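Common to both upcoming complexes is subunit A, partnered first by subunit B, then by subunit C.
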Partner chain A sequence: MSSKIILKFLLRFFVFYLFLFSAVVHALEADLSKNTDLFKRLATGESDDKIIAIHSLVATEHPAALLILQALKNGELSVTPKGVLLIVNDKGALDALTQQMINPAPENLEALMLNNRLRGAVDTALAILNLQSGDKAVRLVAANELLDKAVPELLPGIQKALLKETDKEIKTLLGLLEASIQLGSVDTEIRLKAISVLAESEQSSTSLLLQPFMEKNSEGQFLESDESVRTAAKVALLRINERLVRMEYVGRLFSGISLGSILLLAALGLAITYGLMGVINMAHGELLMIGAYTTFMVQTFFRQYFPSNIDGYLLAAVPASFIVAALVGMALERSVIRHLYGRPLETLLATWGISLLLIQGIRTVFGAQNVEVSNPSWMSGGYQVASNLILTYNRIVIIFFALFVLLLVWLLLNKTRLGLFVRAVTQNRKMADCLGVPTRNIDTWTFGLGSGIAGLGGCALSQIGNVGPDLGQSYIVDSFMVVVLGGVGQLAGTVSGALGLGIVNKFLEPLSGPVMAKILILVFIIIFIQRRPQGLFALKGRVVEH
Partner chain B sequence: MQRRHFLKKSIVIASLAAMGAMSGLAFAGDKDPIKVGILHSLSGTMAISETSLKDVALMTIAEINAKGGLLGRKLEAVVVDPASNWPLFAEKARQLVSKDKVDVTFGCWTSVSRKSVLPVYEELNSLLFYPVQYEGEELSQNVFYTGAAPNQQAIPAVEYLMSKDGGSAKRFVLLGTDYVYPRTTNKILRAFLKSKGVAEKDIDEVYTPFGHSDYQTIVANIKKFAAGGKTAVISTINGDSNVPFYKELGNAGLKAKDVPVIAFSVGEEELRGIDTKPLVGHLAAWNYFMSVKNPTNTAFIKQWKEYAKKAKLPNADKVVTNDPMEATYVGIHMWAQAVEKAKSTDVTKVRAAMAGQTFKSPSGFTLKMDETNHHLHKPVMIGEVQGDGQFQIVWKTGGPLRAQPWSPYIVGNEKKQGL
Partner chain C sequence: MTTITKLYGVKGWLTLALFSAGVMILVPVLNLAVSSSNPLHISDYSVSLMGKIMCYAVVALAIDLIWGYAGILSLGHGLFFALGGYAMGMYLMRMIGTEGQYHSHLPDFMVFLDWKELPWYWTGSDHFWFAALLVVLVPGLLAFVFGYFAFRSRIKGVYFSIITQALTFAFMLLFFRNETGFGGNNGFTDFKRIIGFALADPATKTGLFMATGLFLIMALLLCRYIVTSKFGRVLAAIRDHESRLMFCGYNPLGYKLFVWTLSAVLCGIAGALYVPQVGIINPGEMSPGNSIEIAIWAAVGGRGTLIGPLMGAAIVNGAKSWFTVAFPEYWLYFLGLLFVGVTLYMPAGVVGVAQQVKARFK
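Our next item is the complex of A and B:
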């Protein structure tokens, strides 16, 4: 393989490892505890000096190296005015070298700060050290961390680790790592073998490694001289790309379902208040907002009184947001909306006024700024399906939450006495009244139910977006869109409307960009409603005439 | 008879004269206050960012009044709420100038609101101080720009990303909200990147609507794009869309050390609404950070915190300062100095006195109003987000830079310089 390719691979790390080598020799000569130069560099040097120091620290293989680097990563490494390195955490101050406790902790400590570049160097250094760890999980993380840092200098260490490694997953990763380094080998056989290993890779970065094998230099000659290697690389690239594309489609489907579930949560409350009761409730968005603010309040409460159980706040926030939003909704119904039944225009104006009142009220109490609602730790991060596909936990949770709320609403409407009354009143108010259903009370309860569901939606929305006074404004149009598209008065319509919009949107977005996707969706809805005013699922029978 | 008549007459005249003199005296004793207009959205989408600017303006005016006001007259703030509604900005501006007779206005945030009030200030010949970084390509006799022009924020930020400490980025995603500021900035940046030898295929430009909240596809695409080489994201996302964007970024496992995101519209105030732990290491470029350490800044922060408590602002114990707040503070003080120098609030005289005016700002530098182009000379700083929502400064210029409102990277700007 020509030196150009090798150079391309190494460009990023070239200077960096040149330093490493001079430092390795230097550091191995001296015992770590005597190597004050190293510590001086780490404590006060420029970024370049610090990186040299970090690498020489790794090369000394001193047991303290791991602890020092970990402290550096966690921001616990400090330096005294005299240049002594200390690890300072809640347990106290330790001398970084000797691990002796220093009592009392010296004053005027300055913590060593990291920037992105140093953070990367520390992580790589830690990963190299951690490959020797006894803990399988630690080794796995380390191998993953090193994956896109294939440089020839790492090869001996990796081969050593490979020999010892027993875990299959880590072995695969290290094998990949070894192969990506061996791509630069002068031996054709080794290159071929490396390519065959990489062909099984799931990493999107692998295709970048294989790309140079297809390229020609300025004189029109292939960078890779051997024909068989070129063919092997081509086949491998095709296979990798095929897998990546497949995963990309799975990813789009997931984001579509996720967006759909969010739309569903936002619209489900409206499907009851507008869909069943026919109230054009412009304050629906604000009920979502109230749910989100309730979640925030519960979080604040937990922070104050149960800081150790903070992760559980969301579980408490779910019923709380339902109850608060339902109470607000019922109060609204009793005080305003009840007097406006059958007058849609006035209802629209009155509820719009209420929405402005609620927004300004929240703004006065909580301020115009957004408030911070953080994801509980079990909702942060994601599950890695493939290198280019991570299913984030918060979205997975929200999809299941949407299903749960849907089930709840369905059970309430179809399996309870209240649900029976609700359906009766919405289908034929007068007849229900004649049969002794307290229609007025049922109205209040139904509106409360719809509002409570909106509160649940707000609780979920707080986990993926902003919580601010204007939260509701951004969802009100989408909510109406979903309900109208699905067909007024039908749960199944709302569900298919939400999912359909979500998935179509997510498949359009990569093709047209988010702005155009939104426009196309709106155009589609206008045309659809013109052709089919009753929506996807129309109510059939006598009820329709009402 | 004659005499009596004369006496009567003279008494009337004397008393009239005395009255005149007295009223004149009264006028000199407590003169009319100088009226100062404050034109920031206190409701609607931009309230998030603009409310604190209104409060800082009120604080600064109170500070000047406590020292005896200007020219022996007190300052009186006239606060209006244009409600994040661009045409309403123009109406409120007209009301401030023609009805309330303000001598100067401090206001606006988005470029679209500035563009909307600009004709009003030019027609009525009044002064506007604009405190936010913007895209340039504008220069008016009636506006003083105390925020950054592109060469005082965007260009140094990209240079940093291309440097070794910034991660030596080779590929760039230009991500923004779909309106005039991001579009123009990205036009300048694209030309700049090309002049630095970055190929067309290594630049990706994406826009989202205002208030966009679903960043799954965009983050997935950034990830795909980043597989092709060291990538950095330059974000001109404005307003509260930043929260879902950063949340998605954190959850999708895109770390700052792999794909750093540098933002031009995210400051301390915006980070108050975000859990910043997953964002550690992402960057922002400004001309001031709250974490700057110098006595002027310490005093500024203290003054702001005390004011917040006294004025009973919401979350008064957790208030932060940010770049546009500093720019507002500097702008009002510079205007006050210019009024003292001109010994008048007359627009033409104050405008002349503004040129070359200097002020020791909380950024730690003495800022100067340029003699010709109505922009401040400002230092540039780049900060990394910390776990506590503050920024750690990782790079800054040696001193203030002169603004280039007409970017040399836009074709046809070569001849446009100064007023």
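Our next item is the complex of A and C:
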């Protein structure tokens, strides 16, 4: 019973309050059109007076309000000894009230100074005024600025803007603002409505706004007296949390896929040289590094000769890194690896030696320090899905790039004559030889292809990490793990190995920390290999040893 | 390949005797008794360097036992070496007592991490016998368990090499963590004494040097005994054609597991002798690069000869000490070329070249 009475009373009170407020506003409006009292308060009043004047200026929608407040913010607002407000800048002096130029500028001007409190008030007032701007971008910035300054005085301005607003994004923001102010309303209905609006919000800060509804004061009573409001707030909090957790999982999945595609790019070349040819190439990581350094050189070249098209350097770097790494790979095959076919352990040692030579060679040419490779402008930034989830463009680009390279390799192996030869040599070298396949040349081309793919991987890695002589060393163990886990000789195995490792890694990290996650995964792979020595995707049929 | 059945011939024993006389008498006398102004004097630095290289030689011997005779290439032997080193390091850390920077009975890094007491796995580390036990048991058990599962699933060849590399990599990451309780990045250092002898004392250093030399000779004899026995013949059969051996009714698991574990234990003891001589142990010893370098020592000397890897370890590490002082930036070029050159042109290593030369003059 009694709650109903209180409710009625509060409702009346709120209506009265609204009425009173609009009356004040009207009075002020009349006041401004009549005389310059408001301006005087702004010019000569104390801080409190000035803040009231600033708020009134906004409420009256005076045409000069925006101009005056901006001048105040920029320190261009001055006052004459007689108390007339002037906007003084390098164009001359302007009477703030009448908008007329005053020539010459009067003497003895005193600039209006701002303290922090005043500056805050001016900023808020400007944001409110900007909500009425014709430019969508300006309105968006203003709405965002107001988000953490929700105070009851702003309500009329926001509501007015909300009525006129057509853009969906800004409208949502303003709705949120209105709701967060209305949370403090005395009317239960309005509070309930505000809570339901906030429950749908994407901002992570809203849960902070709703938290007080769950708290008790020192006497053990809830701060919020109405039971239904409390329940609504509780439900809203649950929903917000649920959404945040869901987004966090989506975020982890995304970074897992992103890590997986990086691993895929690093391991795909190895899947060809090791998986198809059976060559243990410990210098594979250094081929990645060569791809990354080629990207760096292409960038330097563009900076030097095409500074206006610098963003396009990456498109040129992709084929360049493929070609350079492929050439290095083919040279290695011809000079060293070819002589060691059938002796995998020796190949391992020799290619390790090559990797040392390449690392030291890069150090001699480029220095031991990391070189700087910057993202093109179209790759920086990100797409905001929710307040706690941003998908950065460079990661998205790399995921698609990995898909592109995968498609390229698949097409090459399955749809071209070279691919046919490669598969033939892999399956039965002698028979292929008898049928006229130039097996020795095919070896060189296959190795070149694998190395070129590693170069592409290096080009991609240069966009997300440091480029230095040790770049390859940090990927070699991971790449081998991917290929070994996925199973030798199968692209599908490599893909699932890479994605699996990436996603598992990212989901383990919050539980155990990044280093422990990596150790756990290595241990897991070691155990897994004991159970399934052929990897995830084993070649079916009889496998001949030796 | 001719089959060797006896331990050593007259010449072999003579060489061994000469070597042990050099290690046990000549070097200590020249180091301790001859004054430092005399040109024949051997400095403390040289004694430590030679001791260090002899530790490496034991590791090369251990690699040769499994790679040269059983055909198993391990890229993770640095791990067993480091584990032996860490087991000894724990004891040496406890022997610092309260003379550390923080004057606590805890090792300095624990004080730094604000730990109040020793973790449980440091229990007993203040006894030398316990440390000695750990030096053998920790690498031995790890190798046994890992080897049992790997060999049982018949993982071999390159697969096995890559997995051992992953194993040492995982351990390196683990030991880099401060929370693991082994000093993180910095590992153990600033040792003061071992079984009561001050480590800074030249006599202690020479003593450690002599112990290393003795251990090297014993390890060599043990390995030689194994490879000349019937057991060694089975190992060679595993290396040359494992499936054929299985068809003959042998189960290679036990043979492989035994040499694998023995090899790890040898590495562990070598690591334990290494740490007091160089005065530091850190997770860098477990890096995959270190373990691969061990394989090249054996390859340079000549695999499957036992004596070759000893020379290989001495040549490569001697060159390393010289290069890193004289031309630090060329050391990796040299090492890289060594890897490529030896595998391409000297598959039988230094020993093989010596045999070729000998054959030509016959």
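One rule holds for everything that comes next: the second predicted complex is superposed on the first by the 376 of 546 C-alpha atoms of A that agree within 3 Å, B and C clash if a C-alpha of one lies under 4 Å from a C-alpha of the other, contacts with A are read in each partner's own complex, and residues count from 1 in each chain.
Quick note on the criterion: contacts are C-beta pairs under 8 Å (C-beta built on N, C-alpha and C of every residue); 3 or more make two chains touch, one makes a residue touch a chain.
Keep in mind that this is a model prediction, so the values were computed, not measured.
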Regarding the shared-chain residue A:I390, is it in contact with subunit B (first), subunit C (second), both, or neither? first
May I ask you to decide whether A:L163 touches subunit B, subunit C, both, or neither, giving the answer as first, second, both or neither? neither
Classify the contacts of A:E372 with the two partner chains as first (subunit B alone), second (subunit C alone), both, or neither. first
Between subunit B and subunit C, which one contacts more residues of subunit A in the superposed model? B
Would you sort A:C434 into first (subunit B), second (subunit C), both or neither based on which partner it touches? neither
Of the two partner chains, subunit B (first) and subunit C (second), which one does A:V515 touch, if any: first, second, both, or neither? both
So, A:V523: does it touch subunit B (first), subunit C (second), both, or neither? second
So, A:K506: does it touch subunit B (first), subunit C (second), both, or neither? first
For A:Q360, select first, second, both or neither according to whether it touches subunit B, subunit C, the two together, or no partner. both
With the two complexes superposed on chain A, say which partner A:R252 touches: subunit B (first), subunit C (second), both, or neither. first
For subunit A, what residues appear in both contact lists, the one with subunit B and the one with subunit C? 359-360, 363, 515, 518
Can you list the subunit A residues touching subunit B in their complex? 12, 47-48, 113, 115-117, 119-120, 123, 204-205, 207-208, 248, 251-252, 255, 258-259, 262, 359-360, 363, 365-372, 374-375, 380-382, 384, 388, 390, 392-395, 464-470, 474, 506, 509-510, 513-515, 518
Within their complex, state which residues of subunit A touch subunit C. 280, 282, 336, 339-340, 344-350, 352-357, 359-360, 363-364, 473, 476-477, 480-481, 484, 515-516, 518-519, 522-523, 525-527, 529-531, 533, 545-546
In the complex with subunit A, residue positions of subunit C that touch it: 67, 73, 75, 146, 149-150, 152-155, 157-159, 161-163, 165-167, 169-170, 173-174, 176-177, 241, 243, 288-289, 292, 295-296, 299, 329, 332-333, 335-340, 342-344, 347
Enumerate the contact residues on subunit B facing subunit A in the complex. 42-45, 47-48, 51, 164-168, 178, 206-209, 211-214, 216-218, 220-221, 223-224, 227-230, 240, 243-244, 247-248, 250-253, 256-258, 260, 269, 272-275, 278, 281, 283, 313-315, 384, 392, 394
